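Got some structures for you, see below.
Okay, so subunit A shows up in both of these, paired with subunit B first and subunit C after.
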Partner chain A sequence: MGDKRITRRDFIRGAAVTGAGLVAASCAPAAEETPTEVPKEKIVVGMSRPLSGPLQVIGDSAFGPIYNRWVQEVNDAGGIYVEEYGKSLPIELKIYDDTSDVGTAVRLTEKLILEDKVDFLWPACGTAFIYAQAPIANKYGYILLTMEGGGTTITPMLPSLPYIFLSLSFSDWYELPVLADLLGEKGAKTAYVSYIADLHGIEYSAVAGIEFPKRGIEIVGLKSLPPDIKDLAPVINLAKASEADVFCCFAYPDQIMPAVGTSMGLGYNPKAWVGGPGVNFGFFQAAFGPAAEGLIGFTTFARGSSPELAAFADMLYADLPLEAQDWWGHPLYWAALETWKAAIEKAGTLNQDAIRDVLATETFDTILGPTWYENGLLAKDAHPGEIGQWINGVFEVVGPKDKATAEFVYPKPEWPAPPEE
Partner chain B sequence: MLGARTTWTLQLTGINPFLALAVCGPLAFILGFILHRTLFRYLLSSSETSDIFEANSMLASFGLFFVIQNLALIAWGPEIRGYTYLAFPVEIAGALFGANRLVTAGFAIVIGTAFYLFLARTRMGKAIRSAAQDPTTAGLMGVNINHVLALCFGLGAGLAAIAGMLISMVYPVHGVMGLEYTVIAIIVVVLGGLGSIPGSFIGGFLLGIIGSIVTYIDPGLSLVAYYLIFTILLLVRPTGIMGK
Partner chain C sequence: MKISDLDIRKLWVPGSLLVILGLLSTLTLYASTYTVILTTSIFMYINLTVSWVIFSAPTRYISLAPAAFFGVGIYTSATLGTELPLVIVILIGALLSSFLALLIGGLTLRLKGIYFTVFTFGLVELIKHLLLWYEIKYTGTRGRFVILVDNNTIYHIMLIILIVLLITAYLIRRSKYGLALWSIGEFEDAAAHSGVNVNALKTITFAISASFMGATGAIMATRWTYVDPYIAFKTLYSFMVVLMAAFGGMGQLYGPVVGAAIFAYLEEVLITKFPYYYMLAFGLILLAVILFIPDGLVGVIEDWQEKRKGKQHANT
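For the complex of A and B:
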């Protein structure tokens, strides 16, 4: 074997030749790019949804009937026209089960963005979920139009989350200020507030603590409820003992329905009984029938709001049972999806930044009428209503007064009398 | 869950929830009996030891749980359902109680007592108890083990359906309601002592009373109290209140 040592001269010569080669290569004209992208045939939308677990009921009742119906309608019409591709693209949903677990929803959101590389994200279900999901979507520059969930906590963060748009109305946007106005005008003086021990309950009870005293309503009792609570009798007994004019249960149907049943069973009939989400669903009326009369919840519309909204209700609920109706979320979710589609068509591209700019600045024509976003929130002036009440078997809008479809009933009627044997 | 859902469906047609008992209980019994005579008997015959059978049957039970739950979701949908029945106050010694709660409590006591008498005073009850204590010896003494075990499984399913019927009178009904009550039931049974019906009675009342008191103070601590009692009891008396 010969002695082939590399001298300093050999090394400098080699380095010089390599460097010259690199310089020459970088100065050469760029090779013409060959198109490698597969032609775009569909818009893939990723979702982390509670297909199982405690939030499954909310997920399936609230947004469920909307996105299935809406996607079907859009696809039946050929899809969304995207100028960049010169054609309409159908929507394909890619849905994972987050098992009603926030941590899982967060992981799935990142998977949808990084591994599946979906074109768009649609939201998870629940206040805490969208609170956790929003920073991730924003970090990767994905637009997130949230649906089921409040935003009191996330609202101050919205200036730093330009890709996040909240569609649902919530506690201080603009439900509880309207509720407090209604109750204050009727002379309510005291309130007992129970709330679910999660972000939804915390937000609503906190805003009630601000808005009620402004109208002279003193909060005489405050009780948090664990999600797995079964027996609400001790809480209802405490509320009854407080003799408060108003009883609030800011929780979910799993807590609100037994709370109503227990109130009836213990003969507790405050002047106003407020619960949500839950009271706004058709299944509430189906379960309680005449006993639901006078119960107050959060809402967006009633058939009396406008002929357009009446037609929307007829269209949406024609093939659905009473239990599937949601007078609070459904129109807002539908309108939000309409704004999303309109923004894509206006931008003419699937580029998130371009669509975001359209969403943030334009006014859209939706089932609500003119609809726009104010600092990331669907404008409250676009809401057809905030507070609802079951009156003669219909969940009417009672507040704000200029959008009411019926007169606010205060005090609420007595519970139905026991059957006489 | 099946009992609660069936009761809800029947009351839509105007059938009184208590009359639904006549449908839910026997149907669930038959379902349980058939399940044991088919699935669990197969597992029993194919398992080499009782340990393997226990492990396999637990896995099979969880599998069945998901199958039944999802079939119910397909059949009835995911929405929460409910109805009002006897939802008015009754005053007893100055305290108000919901009539439906009093009726469900009374009914649970009657069913529990009847079941206790069945196990303690009847020939079949004695066969069930002997099969529970030592199935091999019971079999040698002439007890038809397969039949008795299937009967037990059917009775368990029937009682669960009746419990679901009673729960539906007070609480909302939905497709995924089963597991939360199962966890509480396990705590009650272990608290009372495995195999002891009076123990389960005592355990149930104890847990209910403590839960109500703690809920009165802070509802968020009720589940903590359940598990605290459970842990203390396992440390102090692992066999449960009435266990041997």
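For the complex of A and C:
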């Protein structure tokens, strides 16, 4: 064959050229590494974020608006005062696109740490991503304050990951125990639990399986939903047939929105309808309007929680459309950044170890009020709320009861009547 | 004349290959840690692409299964990484992948053209969902933490896999076995009539190709630290491999090597330098390649060589 005659020579020559190219390419960045002492003018914060791919929409509505606004506010006020340098340093963000791919996120995280030598690392987006990042940040001694992502699986590992701090609340920290209390008190006896077949769904359904029976609520049905499910009717029909008092849908907006629509369509109106994450977003209200009334989700605050939080909502949501509101994550992310800034100021240095020690031991004053970390988790007692419910067009905090901004409505009202033809 | 030509080549080519090998194997001594990490990632793409080319280039059976074999390797590492030594885990990853390929190949390599392609694409989804169902039902987990391994170790193992792979690919090309594979691609019935056991040959080659993908996945998982079925079985990897092979050109072995290396490096540069325009730039480059160099880089180089030869003849 003609191909074969030139294979050997060209292969070897090609391989040689490639290898040489690779080596040359490899050497180039190495040569640039000449550390020079320049006066510190700014604090460089590196992030690997999903600027494209399936997680982009989450990143853009969750931590995205928070870090943009927060950095702008801090820089407008002159930056963060660092005693070591005797002046305030503005924050500069260095953001790479991990294309919603974990392998890329891991590589970029190491690039930020090793090559760009950023002063601080802020987190990637999504549970799997922060789980992949955590051991790496910890290995290099970089503080990682995580934002979007659950924590049940990683919590037992936190003692071996001293540089990792989790800001977001999650299933057993301390949402579902509070939900079970609320439902148990109102006399709910049975629950039907559907959950998405991923880490989030597994965690929440498992915790519900522990917390609900403690309050005398029997789980009469448990159904996993494949992540790409489109038609929720079979699940809703099963839930309806079970006649359970409570229906839970531990999934994402892509499943929860059609689940609500299908419940309305099939006339399924349980005494409590719980779904999250999804019910807690402004876009949920924008989509369902009055039909959102009585629906339960996870939350952190409402305007009624405190004057500080009301001011925070006014400030953050003044320029954002209704769709971009997130009553669960936004205040926790913001407060986490506040603790980070306060820890730097208190430590008076950019040294990660010194700041880590402050973060791990001190109590900070944030929009939440006094805020501190317990074994790497933002303390549950610092949460202004856990369970929310749409009441008169507002996502009110209904649990825990001592922090509620409105009375828990149980049973939920009927779905609004379909518009007359 | 000819003899002296050969002599020079005999000295020059293996010599330069040895120098490159020496430089690459000592990279960890003089390059920055991140350079080592980046090169590891480039090697990963080269490994996947060259493994794919071993089977798909000569036989013209376009397989979209690389992500499946790669994923099997990744999951082998995620499940056994804490129990067994790394080298054993990688070997098991390679073995499991090739076993899967034997099974799949035996069942489906009688399918031709687009049917085979569609089946291999489905395979990735099938394994992903099967694994998801199994993990949720029986282990109650969704993702797994993978044991952390030193960056330099990962780099050296990846390099060793690459070297073994290149030697294997080179030997297959030169052997009569390779010739038989090309004849399958040219005209399968004719190959069968000439006494080539086409099904056995296809299946075995498919398995060899898969074993390298599995080994690559097993070592790469240790870089990713946390995997779940969606991360491990990502169809994007199958498509990337085909694109890289097409970009480099499949006529020669150096094609996929160069294609994957340039593609992977380009991806890195675009992501870090132009994060907001990365996809756009990538798309434009792809379009330009398909429109202007349909035979890939190999085609460009061969054209250039032809022209040079033509000139030489004209001069003499």
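Brief remarks on what is shown
The definition used in the following text is that the second predicted complex is superposed on the first by the 385 of 421 C-alpha atoms of A that agree within 3 Å, B and C clash if a C-alpha of one lies under 4 Å from a C-alpha of the other, contacts with A are read in each partner's own complex, and residues count from 1 in each chain.
We take it that a residue touches a chain if its C-beta (ideal position, glycine included) is under 8 Å from a C-beta of that chain, and two chains touch if they have at least 3 such contacts.
For clarity, every value in this text was computed on a predicted model and none was experimentally measured.
When both complexes are overlaid on chain A, the residue A:Gly209 reaches neither subunit B nor subunit C.
Judged by the touch definition given at the top, the superposed model places A:Pro400 against neither subunit B nor subunit C.
Once the two complexes are laid over each other on the shared chain, residue contacts for A:Ser61 go to subunit B alone; subunit C is not touched. Between subunit B and subunit C, more residues of subunit A are touched by C. By the document's definition of touching, of the two partners only subunit B reaches A:Gly261; subunit C does not.
When the two structures are aligned on the shared chain, A:Pro226 is found in touch with subunit B and with subunit C. Using the contact criterion defined above for the overlaid structures, shared-chain residue A:Ser52 touches subunit B and also reaches subunit C.
In the superposed pair of complexes, A:Ala197 makes contact with subunit B and with subunit C alike.
In the superposition on chain A, the residues of subunit A touched by subunit B in one structure and by subunit C in the other are 52, 197, 224, 226. Chain contact summary for the complex, subunit B toward subunit A: residues 77-84, 86-89, 96-101, 170-172, 174-176, 180, 184, 208, 211-213, 215-216, 218-220, 222-223.
For subunit A in complex with subunit B, the residues that touch the partner chain are 52-54, 56-57, 60-61, 64, 197, 223-226, 228-231, 233-235, 237-238, 253-254, 257-258, 261-262, 264-267, 281, 283, 286-289, 291, 321, 323-324, 415-418. Every residue of subunit C that touches subunit A in the complex is listed here, in rising order: 9, 13-14, 16-17, 20-21, 23-24, 27, 30-35, 37-39, 41-42, 129, 132-133, 136, 140-143, 145, 148, 166, 170, 173-174, 179, 182, 220, 223-228, 230-231, 234, 236, 251-255, 257-258, 261, 265, 268, 271-272, 275-276, 278-279, 301.
Chain contact summary for the complex, subunit A toward subunit C: residues 1, 3-4, 6-23, 25-27, 29-30, 33, 51-52, 95-99, 101-104, 106-108, 110-111, 114-115, 127-128, 131-136, 139, 153, 157, 197-199, 202, 206, 224, 226-227.
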